[in-house]
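Dropping the structure in here first, questions after.
Letters A, B and C mark the chains as written, and numbering starts fresh at 1 in each.
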Amino acid sequence: MSIEFIYPEFEVIRNENRCISCRVCEQQCANEVHSYDEKHKIMRCDDSKCVNCQRCVSFCPARALKIVKSDCTLRENANWSAQTVKEIYKQANSGGVLLSSMGNPKPLPVYWDKILINASQVTNPSIDPLREPMETRVFLGKKPSKVQRTKDGALDCKLPPQLELSMPVMFSAMSYGSISYNAHKSLALAATELGILYNTGEGGLHEDFYCYGENTVVQVASGRFGVHADYLKAGAAIEIKIGQGAKPGIGGHLPGTKIVGDISRTRMIPEGSDAISPAPHHDIYSIEDLRQLVFSLKEATEYKKPVIVKVAAVHNIAAIASGIARSGADIIVIDGFRGGTGAAPTRIRDHVGIPIELALAAVDQRLRDEGIRGNVSLVAGGSIRSAADAVKAIALGADACYIATAALLALGCHLCHTCQSGKCNWGIATQRPELVKRLNPEAGSKRLINLMTAWKHEIKEFMGGMGINSIEALRGNRLMLRGIGLTEKELEILGISHAGE
Amino acid sequence: MQTIDAADLDYRTVNEALREAGSDFIIEGCCGQRFIAAGMSGKNLTINGIPGNALGAYLNNANITVNANAQDAVGDTMNEGKILIHGNIGDAAGYAMRGGKIYVKGNAGYRAGIHMKAYKEKIPVMIIGGCAGSFLGEYQAGGVIIVLGLHKDGRPIVGNFPCTGMHGGKMFLRGGCEDIRFPKQVTARCAAADELEEIREYLSEYCSDFGYPIDELLSEPFTVITPDSKTPYKQMYVAN
Amino acid sequence: MKIEGQVRIPSGCAISAAISKDGNKMSGEMIINSMKPMHDRSNGLGGGFAGYGIYPEYKDFYAFHMFFDSRDTRKKCEAFLKERFEIVQSEIIPTRKIPAITDEPIIWRYFAAPLKSVLVSLQSEEKEFVAKTVMKINAEMPGAYVFSSGRNMGAFKAVGFPEDVGVFYKLEEYEGYSWTAHGRYPTNTPGWWGGAHPFTLLDYSVVHNGEISSYDANRRFIEMFGYKCTLQTDTEVITYIMDYLLRVQGLTLGEAASVIAAPFWSTIGAKTDLENRKKHTYLRTMFSSLLITGPFSIVLGFDGGLMALNDRLKLRSMVVGEKDDKVFIASEEAAIRTMEPNAENIWSPAGGEPVIVQVKEGVF
């Protein structure tokens, strides 16, 4: 080999005693790891192409395959990890910017795991969520600061547009192009069945999915792909994407090779042309310009849709959110630095932004300190992994959560972190027809519905334990949280006490 | 034909009146009302006075004539229709426009035609009679941007950094452009006869709108700028 | 040890109330007696009363009932008050020494009215100004605590069993058209008088039984509007919520009850009266952070009336009875029978169903 050689990260282990040479693994692998040696009548494999997506493992009828981490190691060095060294080799070989997919994998603190939830004992009763009413319905949107009455003294019940969710979890933005038609359809079907919302991402809305509009958030990002009056009117809400947790301050770039067929039509750009989302919206260089974009969207949709503004969690997030809350936005989404992505420069993904837990706590408190928490609803995203994370987020102050990675896992994603290759064997992050069809939208939506139904039940269990029977009584109820192993500063920012206090 | 005096009205009221009105409408005394005709279709609108920012945002096949200058973000994300400005326009005109026309008699500010796109039969056209500011056609992904450089008063026809990130569409600048610095991924050359023929229709429309003789316009050579590739950034990344 | 306010102390309770719809005066002795059969619902760590119509001679003045830890604090506070109020009477609240009540602070009352010039210069509405003054003293003046601030009403509270507290304050010498009482069962012993109930602001007083589970969601919301929850008690936050909904937002009592004990969405959805459904949807959406969950039964006292309310699951007991012009409310029927052996129409209101009793216009 040569100086450019990097030993494969994974090894494909085939139990020859079990293998029946049925070639399923070969058919299943778009990375072309497996091949059949006609001459010797055995299966062979090229480890160097393996991304450890587990597709062949899952589909091997003889359970003859497993993928293991290669034990070929560089000399151990606590300062120069193998990953760091290999990244240098890759860049020295290519001159390229390192490109990764999915969320930040670095061992940075996960505050969710250092927060514990309360339960009632003696002084007030816990509630049995199976047999007693337990409410998870949420309305997202601006709440006026003052009650108005009509001339005859009756309550004037008009409210700014609200989004009704059956539970405080929604599917976060993933564009058609970064994920497949079938993945989008799975999300749309599930959101409709569940009474929640999914999000088009910035790639426009496929004509087939306009019928799910009531359960759709349509996104407007800096590239404005597929944005036109009908698109804006098609959704239940419009989301202005300012930033994304995985790559704050960075635009998007869907390579021309992925702009084919329906993707091109939906984005309304020619086939083969790069879809470039500039880093900023070029009509927003300042906070007052955000107000202009928010109200231009409201004018275009006659004030019937709530406008969401999504920002990445960055250092000054509390002040930024306060500015957004004063800019006419109905809902603010804060996306933490562990949020996923179809492709982002590795260095940006791993080093820019702050954890959602701290950002959310800071924003919620700041908006309350300024007396404007009612101006907006808050949605937290960026690696909400379970019902427990969701409950903690709501108790910290979120109205609802956004999930995307968890939803993709439900659809079959095995977190191999190679979405950018477009060769997703699970039919999710790909546009190749033969791969896309592996994901059956009905089956996919069923799994999403299962996941959300299970979470909803778990959320109710948590609430019942705390003696809370409506989700709004949990929102911002930080007394229900305690920190474990956190510093005074961390506790102060989270606005919670330490366990035992 | 309906007329509204916008002098003391806010933009919400103006747009509501416009939405409910018939197809022909005149706004008198306009002064800074934003978002006029946002997302609207099937209207012929004349504006006397200065419209506010984001005039004709998401415009969906309506015609707007402004008998004065217009401010920033004219025709933001416009889809179809025509905006005619008998004066100058501010920054970021035609941001991400996908279709329709923006014809400006005077000058344009910074970032005109930024991220302009095209799709199938939709080819947006922006013609600027005077000069354009810096970052003209930044990220241009489709459509046609034409700058005529009439009444230049000694100023350059375009400011700095035109065509930054351009990866589609065409830009025409009237005159030779030897002293303009373009980025690496585009080619600037003298427009050939067939290329001028492509834009002749737009130019004659422009001339009849503003009363210029077309022959005089075409008497000078045009420079045409096109990107070298639709995917200029392919080589930048390495999978990790 | 931390006192109430520095730490949150859950507690259970007994409550009792009586009102005359005709505005007839009742001596405080009756309400003291009503607490006796419910002795076991308290643990001697807090008791208190609120009486309405008890200061007719000063009915146009705000009656500030205050605890001070020292003479010095009182002097300082008095100086502060004098800059803002005209004080027409300043005196010790009369008490009698009894073995059951010890360690009392300095207990004082002022009858005062805001100085017009101050109101004008601050562009403040009178009640808003008084409320803000109370917040300021309680949050920023260590050792001083306003425990009652309404007109023609007053709260009386202490660490001890309620029946002893009533004797201590000589309540038999007061006459009111409406009374509420509270016996407390806190889970530990901060031994601080401010922590006892009723909790009051302006003429609103709340006695409350139960520990709510929505406390911090309610607190963090209401604190946006200038309220400062210095005690960390449920009763305090409920009082501020009621003040906010009734005085600041101008809701009716019934509407306010629909906010804090909102019907379940399924109940709202099943309402056939569309206007009614719209109203409940509106109130619940508009004030979602003021929904109170967990067990509570409260009696809200206000100028000219009482409102009793249970949580929407009805996790606490509450009984209502009537006799002639009088209405009685208590945690247990026994308390009502003590006040009026021949009480009629004894019933238990459903969860979330407010019982509103108002004194006839003009007679209080």
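Just so we're on the same page, a residue touches a chain if its C-beta (ideal position, glycine included) is under 8 Å from a C-beta of that chain, and two chains touch if they have at least 3 such contacts.
Quantities reported herein were computed from a predicted structural model and do not represent experimental measurements.
Relative to chain C, the chain whose mean Cα position lies farthest away is B.
When chain pairs are compared by their number of contacting C-beta pairs, A-B comes first.
If you average the CA atoms of chain B and of chain C, the two centres end up 67 Å from each other. Centre-to-centre separation between chain A and chain C, using Cα means, comes to 47 Å. Centroid to centroid, with C-alpha atoms defining each point, chain A and chain B lie 36 Å apart.
For chain C in complex with chain A, the touching residues are 8, 10-12, 187, 210-218, 220-221, 223-225, 249-251, 255, 262, 264-266, 278-279, 281-283, 285-289, 291-295, 313, 315.
The residues of chain B lying in touch with chain A in their complex are 11-12, 15, 19, 34-35, 38-41, 53-54, 57-58, 60, 72-73, 76-77, 79, 92, 95-96, 98, 111, 114-115, 117-120, 122, 138-139, 141-142, 165, 167-168, 230-240.
Only residues 120, 123-125, 127, 132-133, 135, 137, 139, 143-144, 146-147, 149, 155, 157, 159, 162, 368, 371-374, 397, 466-470, 472-480 of chain A touch chain C when the two sit together in their complex.
Contact residues of chain A toward chain B in the complex are 87, 90-91, 93-100, 220, 222-224, 227-230, 232, 253, 255-257, 264, 268-270, 272-274, 276, 278, 282-283, 292-293, 295-297, 299-302, 345-346, 418, 420-421.
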